[in-house]
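This structure is in structure tokens; I'll ask about it shortly.
Chain lettering (A, B, C and D) follows the sequence in which the chains are written, and residue indices restart at 1 in each chain.
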Amino acid sequence: MKPSLSRRVAAEFLGTGFLVAAVVGSGIMGERLSGGNAALALLCNTLATGAALVALIFTFGSISGAHFNPVVTFSDAIEKGIDWGDVPAYVGAQVFGGIGGTFTAHLMFGLPIISISRLYRSGVSQVFSEFIATFGLLSVIWGCSRTRSNAVPFAVGLYITAAYWFTASTSFANPAVTIARSLSNTFSGIRPQDAVPFIFAQLIGGLAATFAFRHLVPGLALRAQKIVLPQSADDKG
Amino acid sequence: MKPSLSRRVAAEFLGTGFLVAAVVGSGIMGERLSGGNAALALLCNTLATGAALVALIFTFGSISGAHFNPVVTFSDAIEKGIDWGDVPAYVGAQVFGGIGGTFTAHLMFGLPIISISRLYRSGVSQVFSEFIATFGLLSVIWGCSRTRSNAVPFAVGLYITAAYWFTASTSFANPAVTIARSLSNTFSGIRPQDAVPFIFAQLIGGLAATFAFRHLVPGLALRAQKIVLPQSADDKG
Amino acid sequence: MKPSLSRRVAAEFLGTGFLVAAVVGSGIMGERLSGGNAALALLCNTLATGAALVALIFTFGSISGAHFNPVVTFSDAIEKGIDWGDVPAYVGAQVFGGIGGTFTAHLMFGLPIISISRLYRSGVSQVFSEFIATFGLLSVIWGCSRTRSNAVPFAVGLYITAAYWFTASTSFANPAVTIARSLSNTFSGIRPQDAVPFIFAQLIGGLAATFAFRHLVPGLALRAQKIVLPQSADDKG
Amino acid sequence: MKPSLSRRVAAEFLGTGFLVAAVVGSGIMGERLSGGNAALALLCNTLATGAALVALIFTFGSISGAHFNPVVTFSDAIEKGIDWGDVPAYVGAQVFGGIGGTFTAHLMFGLPIISISRLYRSGVSQVFSEFIATFGLLSVIWGCSRTRSNAVPFAVGLYITAAYWFTASTSFANPAVTIARSLSNTFSGIRPQDAVPFIFAQLIGGLAATFAFRHLVPGLALRAQKIVLPQSADDKG
């Protein structure tokens, strides 16, 4: 029995909120305590983000699928994992949940609840990094989600842990999180004007991985339909 | 067959004791070795706490449920996971076990077995952080415990790993541990007067998550009864 | 149903590429941010490599077996896990995928896409370290892969995490990755002339472990045939 | 089918050897790279030890049970998990395997293969720490091994990760490893004269936990016999 849309949307809102609170909050704490050592600050930020992601996917996975990310929701709709009609509600919950997460982190650390980021993250290398980061994220999801769904929380959390370090952009890989981080002038922020090419690269990277894995694992969409949408056989392509 | 109450209480005592010994002991070690770098000290403290938590939940989970936390015990009683009559024994074991953990840590590091903490942890941000930290902890527990109980040790350990960094209070999220840490004038301590609002915020946060997840996963309490309390059908609400 | 060779080769190419991008990219990021502290740089490099490895084995394991390493492919062929006829395609995909990973990492960090490494990694201790590192890696694989295949991603990722620190060479343990790293004059590089004895030691170490585990777990090859190659009974030794 | 004694002994020799090589080797590497920061050196040492332990228990667990530790072997014999007649061979393999691990680590790092440690680890606090460390280790093993045996590698590896930091002695908790570390005058060494009280405290702590868990989980020994020793019904106490 799939939970009702309102419950799934609430799960996406809460989960994305906690994810962003973890990213932004641990960035603030890491920068405050690390005495100017950027590697140490990013290490603490990474550890908190990866660990939170594993915990949150376990927590909300059985309710909403624990997307927390519009790229994941779009890809899942393309592969018929969720109905296109549910997509706007999911994406809205992710975007507003993420913003709520920024506000919560700021409140916890005694900062103004909103502050437009002035952190420069621009240039071809950064944008290309977001393409690679999101290509990798969706590869991990499509590689694991249908055949080893129990491994998804660990695989995704560990992938992001790695991608914080192996991409030049520290791997945002998520439009909702990117928007939310543009509203925090702290360690993990991004200038709003830099957020636009990031989001564009994320969408392209995610789509590319989705189509690549359709080739690599041919029965993917078919299997998805059988598992997740038996009630909507009329949707089959 | 549920183990006898005396065995479950012994498990809560030992488990909470080891948990607090891990928190307090690794705080002392981290501070001693880190040469004044607070991020490094907290990183070591975090790693030890999260790792200990996973190991201890695996160890004592099949005996007592591995609550180690009065908020978890109260919430479990509300959801009919354990009998209200067992709650005082659980909470007592957690509080005295936690204090025993502080004593043990002090003995291991050659300190006086008790020392009232003078570490200031006060203000709205800190208290709000405890509300969020405990709301998150109980969300993780209720999101995983009934449908993915094998994941609980990892999800809880990783959540706390993250929450040490994304909350301004380093996420005590546990009244028994808060009391025990007020008796240690070391890295992980808290002044007794600051412990009171922390505990209050923890209780509110935990209750809020318990009721939120009753809405998000409607059959939660019912399923809990079927799994854990088939023998006490007369308790059903 | 085993996936077609072209799909398996694509998976080896992509997986080895992401693995090398993670190794090289996180080495660059770690060195840039760590302010000259080599332990911190290597710690970040280690974390990213180990985490990426777990995620990538989960992602590509059910397609190609997630070898990403010619020593693993040779050993698997010796134990009749894959046909000898598939070995050249696997190894080619690993070598070219790895080089693609170096290029990708350089592009992400705004560096020339290729730069011959001048990092000295020579001497008996270094080469002996590679023998031990690869002996250990293949021991882990043969100890887990037939009887606990679900544990392989974690066991391999955690083994490499450890071996970065307990070997003097930081545990390359992979000829394809060694070649790819010789093309990067960054933190994780290796001079091409030093790569040759490394690869030789890796092959010897891997073969030694393969034969040792044939003795330790006598039914290994037989079980491998039953699980992976039921269709080629005429191959049995 | 239980593997032959010679195979199990070889597994204990190799596994303990790799474990000690990981402890000693990563200690040398951590100290060399960390520029005098003891917390950072111990953090790297901890990460490598915990990760190696998980990988090695997965690797050798299905062959020999992956004891790697005389206290575990004695406790398992007390609980009738292995025959008393196999104990001398197990313990001999652990002690000589551990010494081989020290030699291997020294060879990898270009040091003399043996060097008597001059590292002072003495006093009541240190010895009490070893009692607590080993009490905890055996608690974890007995809490998990019969009912959640799949979790043992993670629970043990994470427990030791934590115990490196929450005990004043950095948690040797293993007589074979203690002897092997006394032969290395490096970061993780211990003076031979200090090794004696350490080993004594380890044995007492391990026995205390074994008897405590016999009370906490009453059917433990009985269940052990059913699972591991069906062939020796005449051994039942």
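The definition used in the following text is that a residue touches a chain if its C-beta (ideal position, glycine included) is under 8 Å from a C-beta of that chain, and two chains touch if they have at least 3 such contacts.
Remember, predicted model here, so these are calculated numbers, not experimental data.
**Student:** Is the contact between copies chain B and chain D built from the same residues on both sides or from different ones, judged by whether over half of the numbers are shared?
**Tutor:** Result for this pair: different.
**Student:** Using only Cα atoms to place each chain's centre, name the chain farthest from chain B.
**Tutor:** With centres defined by C-alpha atoms, farthest from chain B sits C.
**Student:** Roughly how far is chain B from chain C, going centre to centre by Cα mean, in whole Å?
**Tutor:** Here chain B and chain C have centroids separated by 40 Å.
**Student:** Take the average of all CA coordinates in chain A, do the same for chain C, and state the distance between these two points in whole angstrom.
**Tutor:** Taking the mean C-alpha position of each chain, the two centres sit 28 Å apart.
**Student:** Residues of chain A that touch two or more other chains: which are they?
**Tutor:** Correct list: 37, 40, 43, 154.
**Student:** Pull out all the chain pairs that touch, please.
**Tutor:** All touching pairs, sorted by chain label, are A-B, A-C, B-D, C-D.
**Student:** Over in the complex, which chain C residues touch chain A? Could you list them?
**Tutor:** Listed in rising order, the residues of chain C that touch chain A are 3, 7, 10-11, 14, 18, 21-26, 29-30, 33-35, 37, 40-41, 43-45, 47-49, 51-52, 54-56, 58-63, 104-105, 107-110, 153-154, 157.
**Student:** Write out the stretch or stretches of chain D touching chain B in their complex.
**Tutor:** 37-40, 42-43, 46, 50, 123-125, 128-129, 132, 136, 139-140, 143-144, 147-148, 151, 154-156, 158-159, 161-169, 212, 215-217
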